[in-house]
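Look at the two complexes coming up: subunit A is in both, with subunit B in one and subunit C in the other.
Let's look at the complex of A and B:
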């Protein structure tokens, strides 16, 4: 056999290497076509009416129909002000030291029914959200009204220019406008229509919603970004039972999971059984917390609130309820997925974050000071939603309270009754999950902690903390703002108005042939699907 | 008339066998039924002495020992919250037995009353009652219990009511059939001729003679009541958390971890199977023993 010349061997190696390197590059070129089958946790509770909902169950399957003014870049996993990109707004500009936000809108955008999109639609949407006296539309429920409490006026002087005039500077407004919770509604379509169908400007149009069976979307041929979306359509299939839905994913009946649904254990089992399914670990911006109704006894007594906060072993919740798939943190999502969370060393000094036995001893002392001991145990009824994510947490909490001498019973509430009951404050305490649209203090504090906010279920109201919340909202220096937010977190934990117990992590599952579906650190903002394509 | 009755009673009075003799004879004739009875007895004793038999607090969580396999510290392992499965099964016996017995008794007693009144008075009363029972019986036990439980909300009391309602029409039918034949008996005719009131005849002379079918019915329904309770708890409509219930132990969270820790579903599943198996065997044997048409059956 003749010996090959070294130069020939080298050339062959180069060609092979180039071929190997080039192959993935070729496969990464987006392909058009195909229908993505998507897991849906339950049927759409509020239809496509994102502005009226507080649950990812409605946001996730509705996002492909809508567009925002701005949105978080779907291809970047960590959301921040730097990843905000234009959607219906081509560009924007802060003026007068963050007091005025001017949006320059895209021209030639059409609603799915063929009507032109203009600045009037933007004004209509935000006047309705702010519930101004002259608003042309009205929402049945308006959970995020307080997000826009600082907006003084929305002006649509020209068809393609909108100005948000603010009472005080608020840089975070732009982030809240980039959330999946902030779509633009059509002014010519009654708001109630969105509960049954969707007229948007998004990359996909609703084809059919067959209740409890599926929601089908088709590609919007008039979408304002040329060449998008890549997919011909989407099909969301509601499967409430956890085992069944992940079996469907594993069997290939679904391409992707529902955000926040796969636990660490499920992800481990599915990826082991089917290596072509990949898991992406990220944050959810959803926390386990203990709602305490501070508007009436016994939890108008701060000592009892503190005792409850101290009694619950937060690391125990992470270890047992979440099997390690969560992180301990105060009222803002902890690192590495959260931006504003406190460091472990700072958390350790807060009440409830020390050694479990020591904290329980302190809890017993506080209960004794409030007049409760073995001869006079505090009796409490906990209320929670009758779904496994809530019940596991509730079972853990009951046992923790039992260890400090509190006799707790559990009342299970059906999901449909839960939010009205919580809003009316018809409960004493409740193990609860809270999801926040974006990882930002304004979104969290104005929605869940502000005095009088409809989502402040426990009715906690502290004037001093409100001033601190408003001050951080206006702060333009990022470092100073972070320091202020950390102070707020410390005060909230000390006051135990709504003790935060753990922050959930997502183990998002999708088949390898699904490309460009990048989970973010909040489950609410990456469901638009215009960049997603199938490598089949 | 009274003297004749007195004479007949004296003449016909058989020599009564003792309890032990009766039980032994039952065991000899119906060994499978006796095995079923033994299983039910074990359940009853476990429920009574649950506090002494359990090794741990059934609701105590232990973050350091989640999903522990069966071993010395936890005989049947722990669940995902670190709760001892053996202790939860032992305490779960109370729930299963209490719900099973109470719902069966409630359904049988109320159903029996309806059957008695319906058959005794007959005519339009019987016609209307039977049509209502037809409607109730048309609904499957589990579906009706599901609807009731969802409407009333999850609690032990509501589960008992939910399960007892579907049992009612079955009990009414069985008791009605017995009463229809009893009311034609000569001693009932005699009681009527003596001018006794309907209530006295129904409760003093008719009802005691339906006790055989009543016992058979109760034991036969016990197994399905336990199974329905387990199904309701499995679907989240049964006994509320954190109290242990066999059905809930098999529920969503357990299914999630079943691949990693199969003992989570294995042991509660065995407990349910044994309880239902035992009560069914006992019910069948009692039916064979007490039903004169099947007395010769083995």
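Let's look at the complex of A and C:
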């Protein structure tokens, strides 16, 4: 056996020592105490009433108050069925080939007002969400009723056992229950109360909500996980002005940013100016897409839809609109952050994903086949929300369409008018942003693509694809399901019912002294804060 | 005034119910109807107006649609913030504007005059929000420090409170001072040519007495008018400054309330601003009488 030279041995020892020294973050013991100051984009739109809203502005500052039955592991950056952990449910069990989902609840859990938590609270919450005739409560606005369309009944026969009976197997239900959008409300507190305060079972209790100024939380001493939370409190500070909020972060007035708020450019500037602030790149589960009203001309003509999809240079959007801070992908969030996205090589074969010049040539050909050319240009009005994120994207789209001979004009719609207009389908086409609560095909497809769904603004409905969506939802084999979802993505892109253009990425900023706050690929599900601690 | 406020708001497209559904990302006509009923928005506009006036007369300002709490509870803490910022900005404007205007007039067509006129022209050309943003970004970049992002009360920490208000007051006051400088200068130039000023010089009075006592006192009327108008404007016009410095004041909140179509809040805040404008004008009129005895009304 050859003898190792002393210098090699010494080098090996040095490398090993360095490796051990260089990994203190993993072995660091969490410290208790301190208050985390958190950036908030705007004042809470509807208080803590998560069930009545679909905006991150409500979910992010309200999550610490609540608990779900299950939740995505806050310490794992990619959400999937494998990262779901128990929260109010100690354990769960699928029965009757995924037709019944039984939750075994923790005992001794108390609401923030001291009342005991039982299975009645779970039943109350999900009956209210499903709007059953005998529901004890009613939500003013119920954006996620469709998530639970497959739930036939929620039974609370025993105080610590709940059974979800499904009409057909749906493994994804567990993921929906793990979303930040699925907190359990207290049955003894009217649902309207959550618009002004919060009675939850979560790691933090509301101390004060000073309107337009801050929301303050204190540690819940009765939290059901012993030793958590580490922090003494949280303070969310709404700062609407972008320059001010990042100056405040840079100057240490804030410890962490708001999910999805920092662009790539901002992140680069802030981390350069203050190296103790780190940026974590991840997905947002928010995409730029082009709404096409397929219920009337011209977009009931598939050729014109395809022409529009081909005309828009997706890589151009990533570079120009997002300065590189986005990724190209089909209808599911792309890899590496997304679970269900297509690989680059597969994406390249989809219409609209090839070389921009080639795709535009194909678009012109399709337009010509539909009777539109230089002498008879297609004239289209694009409607979009009058806010910068939408307008930047819309301007790019108009320019792209111009290059294939489409005369597009822009109609800016005020936020108050946008959803009524979109729901009534009073538009031809519209550059749009869509956020999806969880990275799962059921949440995305049933909400945005299913025939008759209120958020399927363009009215796209393809019976064959609908059957495929239903089939993947019931598929129990994960590999088979992935293959089915890839097929759906291919078909949706080919049909161009609502072309997906780009998936936004988050450059989440936080000071290095903030530990265990790990951004996930969806901005909506990681704000519980029970594992976060401060190393200062 | 109340009719104008009430009607203009209703003319804006959409209402709170549309906004609520926007946060949900969908619209349900049946649910929309229910919420409209709950908020009283299903009644005819005239009936809503009568109800509002009747409630105002009894001190009931209504309930915020967005926050679901009495409007006064939301508005009350905002008023002192805006009043304080407007007063401080006005003081800064007067402290900069009047002396520079006087010096500029007295040293007409000298280097001083030119420098001060450029200074005031720069103030007029620079929007206060831009200056505010530059201050914030410069502080963050050079000192690694910015004022607190939440309101610090005067009793809580006087120093921090002072800094928190002085920086925006400087940004706003500088712009207002530019106008005051120009008005003061032109009024002073006019007065300095009057016979009584020449007489004062001839009597051998000191420059200070002639300029500051005889000339300035008589040149103040148009200056006071401008100060009054500027103060009234600031009450509602601090939107961007309050936003840039993240101060929880009336103006910033008013914009949010308008975007949310939170009628009870908007109506109350606009009425408040209108009252301040009326009072500030009344105060200026009263000041005229004190500054210039010729203006006083005789019995």
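Miscellaneous remarks
In this section, the second predicted complex is superposed on the first by the 504 of 536 C-alpha atoms of A that agree within 3 Å, B and C clash if a C-alpha of one lies under 4 Å from a C-alpha of the other, contacts with A are read in each partner's own complex, and residues count from 1 in each chain.
As a convention for this text, a contact is a pair of C-beta atoms (placed from the backbone, for glycine too) under 8 Å apart; a residue touches a chain by one contact, two chains touch by 3 or more.
This is a predicted model, so every value here is computed, not measured.
With the C-alpha superposition on subunit A as described, subunit C and subunit B fit side by side in the combined arrangement. Touch criterion not met for A:462: it reaches neither subunit B nor subunit C. With both structures placed on the common chain, the touch criterion links A:161 to neither subunit B nor subunit C.
Look at A:301: by the touch rule set out above, it reaches neither subunit B nor subunit C.
By the touch criterion defined above, A:271 lies against neither subunit B nor subunit C after alignment on the C-alpha atoms of chain A. Of the two partner chains placed by superposition, only subunit C is touched by A:43; subunit B is not.
Contact comparison for subunit A: of subunit B and subunit C, C touches the greater number of residues. Of the two partner chains placed by the overlay, subunit B and subunit C both lie in contact with A:241. With both structures placed on the common chain, the touch criterion links A:398 to subunit B but leaves subunit C unconnected. In the superposed model, A:454 lies in contact with subunit C only, and not with subunit B. Once chain A of one complex is fitted onto chain A of the other, the partner contacts of A:516 are absent, as it touches neither subunit B nor subunit C. In the superposed three-chain arrangement, the CA centre of subunit A forms the vertex of an angle with the CA centres of subunit B and subunit C, and that angle is 30 degrees when rounded to a multiple of 10. Here the smallest spacing between CA atoms of subunit B and those of subunit C, following superposition, is 5 Å. Counting contacts by the rule stated earlier, residues 241, 243, 414 of subunit A appear in both its interface with subunit B and its interface with subunit C. Within the complex formed with subunit C, the subunit A residues making contact are 42-43, 45-47, 52-55, 58, 140-143, 192, 195-196, 210-214, 235, 237, 239-241, 243-244, 247-248, 250-254, 273-274, 414-420, 423-424, 454-455.
Against subunit A, the residues of subunit C that register as touching in their complex are 13-15, 18-28, 31, 34-35, 38, 66-69, 74, 77-78, 133, 136-137, 139-141, 143-146, 148-151, 243-246, 248, 252-253, 256, 259, 261.
Residue ranges on subunit A touching subunit B, taken from their complex, read 241-243, 263, 265-266, 268-269, 313, 315-317, 319-321, 323, 386-388, 391-392, 394-396, 398-400, 402, 410-412, 414.
On subunit B, the positions that touch subunit A within their shared complex are 59-64, 66-67, 80-82, 150, 153-154, 236, 240-242, 251-253, 255-257, 259-260.
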